[in-house]
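Please read through the structure below; I'll follow up with questions.
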């Protein structure tokens, strides 16, 4: 049973059905009927007028968002373990033409207002230093922690006070919203977020994520992003297959159902390994203290997962699982006994 | 009946079947079993050891190829109506970090050795001018003309003599090969091509093209391209769905069958409109002299296509058609009578 | 006697005197007293409030200007023989992060409104093509022709009508103004120019040109340009030596006196070779029909100049010459007799 | 008396004399006689064949060096307080097209082999992470500390073992060499350095630094750097004025004499304030514990310097001073009495 990553899963059946339903001739690029419905679908979801578009990958979505918010000579305040820092081979530098990532530490890959404010104080306004032009956070974080609306808002206020843009990497946005039980609006634009990378692939999609632009500047930024999308080779000629996937996830709240299943699976495992948790489990990732012998024991039973440094492992649940289907791993974890 | 573009078509059924067959958990990115088979499949096809990878779009494939062949301070000799010049919003400039496209005129969007040689003579070797670092051609061209092996080889010799890279945009490579009836190798590496953008989407794919790297430097270039792919957000986390499409096109020569159908459809139309042709019809595109009244008459009968400037139209056939299925348009063209 | 280029000359004595006068401790970068006077000096010269700064070279000045006017996905309409196209090793592509130069033909390296308007019509507004974001002209041109105020204004109107920026490469702006006898304002901001590269080095300076920002957007663009200047390594730590040179050129109209001497020298030579002129002589450059035997005869007498293709040469006069000092070359030209 | 920075000083008299001596017509750019002598002069200095060129500023020199050593998708290991990180407005990101600076902590802005080795261990070799492609150190550091030859060599061995380039920012290289009393070769190429930014402006120059390329790859890198220099607008048309400055500094070991004077001045002050030193004084910078009242007392006596955070100041001596000329400040420091 795979617990490597939620990006290695198959496609959620309604998403595949939507792909097949889109399999007929239509206009190319984003001139098709599915793409045309994205603005409306996301405006409904977020209870406000937004601009939305499909983008090939989360890396591209994040980078294009940052390129809309940060000039080449600027910087983006983010966590040092953020995906944009650690796992995108410098894509933000490519898309922004050399802007810097101003990486900060913080528990569970969360940025705190204090840390951001302290960093801002170190930057001189002269031309020798790069101004901080944007803040980027990941929700849920790379360690499966979730920013609550008031936590996002606290960062949003700093962004606003310093005329900085505010981006949220929502590769696991659905998992965060399910955990919070709040309106998607509460944890995004109502808390000051300007652009959201709305994750689909980890939550049952095949190829394609969504970028959502909020606020007054949203439409102009989306127009600019459309240029970056083309320029970076992400304007697929059969874009309707991306749009259809996204619409399928939004329909009947499939995106929440899928994330809910993954979160429930994670909770079941967290309960079974409560004394091994390195971080609270709020979304669909668990980081566990596990000796290499213990890890080997689990693997021998057919459970696969990544090591996470010395004496720890990462376990990721996904939309195709639930509390019941991961029960074998839960039992195996309990059977390991007390941690060393 | 749509004749707008071959990129607006549905997906070829065996390709869709392959996508569905790939719909099970596997390793992410290009760590899956399908992606691993690409090198071998293309090595068989090209009768030599090559490196191959999937890339999200033709624009990205072309640009990454050029980034492997041309430094930021260099230039790429190409046709002034090439897709990389006219339809990619400057993507080559983005991926190469500012290299120039050295655009030349030429009938039917074809580069001639004489034109290339003449352009090379104008470039001083000093640091004030950009050196020509690569040649890029499109086969079949944007006007549906096909470079024969000896034509490619003549350009390949110039490239080699001047230590330039040689890229072929093969968005419609299949249509070219079908027209030529030659081995794919004859019109690529045997003629000096270093990197080929092997088109899939226009020929029945959904999302994803292939980049094929030839020659001794191929493997190192592919390793570099893998960095560009990640860095530009084109390393999809469920890449197996791209790889599976490409493999499906190669299997049982589906790629040639699909292109053959499109070419046959184009020939049927060319026969019907032989006195209106602006260019010889060799692949799956027709450029016809047509008054706006004539165009309107056809459109009134349900045939859709793009205008191509004043008094001309472009008609593109595709894999889902053949001589028989386009017979209605052929008859309608004949019924227009002699051109004005 | 050198007629290679006006950039190979020594420094005008008052400029050297100003450098020596600036040779005392002051604040670094552009925090010194000389740099602080640039805005005022150029505001006086141009009879309006402008922002001005020193930049290390004309290439940097041009590129930074274009980076202020054109996004990475845009294009700059310019002449195909413009310095930015032919002699800067792609610097505009570097500074703009990949914007395209949309090069047009035209006699004497001059852009015509008709040519610009025709080019604009070919650009579709969709995301597949790069929008034309700026026009750049050189005054005097690379062939020594001068745009009159009304000619500049005609281009300026097109720029304004299409929301494009308008840049003037004034490497030989002084020579143009002397030829026109107009106010500097007439041929720049009153004619719609947004940013001027004000040339100094060819006109008696050592190192350093000026960028002048006009209009309402000028101050914001200058602030942005200050970032580019730092980021490209052009914010010299002892910038006062640049500022002092520029101020020396402006003082007592030295810039006009120097250009006047060069222009007068060119006129004297033009008179002597009137039946050999390939272009009218309006500034300080002559392009002459000359067989290689004739060129050799002149060189044997100690006159040095560049060939300009087959059967032609380029002769450039400079601030250190005048009609009298170039009389030997004038006589030698006359002595060649009628052209072949 | 200014102690703000060594970059605010006037020009060393022999340098100014050399500028004046170069004030006659010669070939443009770097085609002149002075530029041609740089390779030889630096080859003598470093006791091996090197390639050398002038560059407008230290920021440009550093960035061009890094662009020669690090691909756009790579990273440069450096100190978090290095000039390239803190004071160049992201110039390395601009010139390298988005490479990352991998900044490490360390006392006195020095990198340690252990810190570098530990950082290297965190980088996975997959395409998701940027490889460390180069190491860059500053000698003397931004805190006036000097790397000894064996310290440089220890880093050079790591660089070599990991196929990384090795750059030294030598803005104050002269001060370091004077402190060490070693051959310039010992602390550069013999210790594995590939490219040196050889500082001139802080040591008595006006405008222009030198880049020195060592080793087998040096010539090819220099050829590439010449492209970057042009492309970034740093190939001044009257480059001989830069070359002449550099040659003047090398002649009769003026560069060592100037740095020796600055270092001696710093030692005199260090002696006077030995109980206030935040870092050992090895070059020409002092960082002193000083209350704001104490700082005010010194400033009231005419001594100017920058604050360095709370309760500390930075004092920089320069080539125009020596132990005797800074004696007034030394006395004033002593007169402050014991530190609080």
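We call the chains A, B, C and D, going by the order they appear; numbering starts again at 1 in every chain.
What we mean here is this: contacts are C-beta pairs under 8 Å (C-beta built on N, C-alpha and C of every residue); 3 or more make two chains touch, one makes a residue touch a chain.
Since the structure is predicted, the reported quantities are computational estimates derived from the model, not experimental observations.
Engineer: So using the touch definition from the top, which pair is joined by more C-beta contacts, A-B or A-C?
Structural biologist: It is A-B, judged by the count of C-beta pairs in contact.
Engineer: Farthest chain from chain D, comparing Cα centres?
Structural biologist: B
Engineer: How many angstrom lie between the CA centroids of chain B and chain C, rounded to a whole number?
Structural biologist: 42
Engineer: Counting in whole Å, what is the centre-to-centre distance of chain A and chain B, each centre being its mean C-alpha position?
Structural biologist: Each chain reduced to its C-alpha mean, chain A and chain B end up 34 Å apart.
Engineer: Between chain A and chain C, what's the gap in Å when you average each chain's C-alpha atoms?
Structural biologist: So the centre of chain A lies 50 Å away from the centre of chain C.
Engineer: Which residues of chain B are in contact with two or more other chains?
Structural biologist: Within chain B, the residues that touch at least two other chains are 72-73, 88-90, 94, 97, 127-128, 227, 230-231, 235.
Engineer: Quick one: in the complex, what on chain A touches chain C?
Structural biologist: 71-73, 97, 127-128, 224, 226-231, 235
Engineer: Under the touch definition given earlier, write down the residues of chain B that touch chain C in their complex.
Structural biologist: 72-75, 86-90, 93-94, 96-101, 127-130
Engineer: Quick one: in the complex, what on chain A touches chain B?
Structural biologist: The contact residues of chain A facing chain B are 2, 4-5, 7-11, 16, 19-20, 23-28, 55-61, 63, 88-91, 94-95, 201-202, 206-207, 227, 230-238, 241-242, 320.
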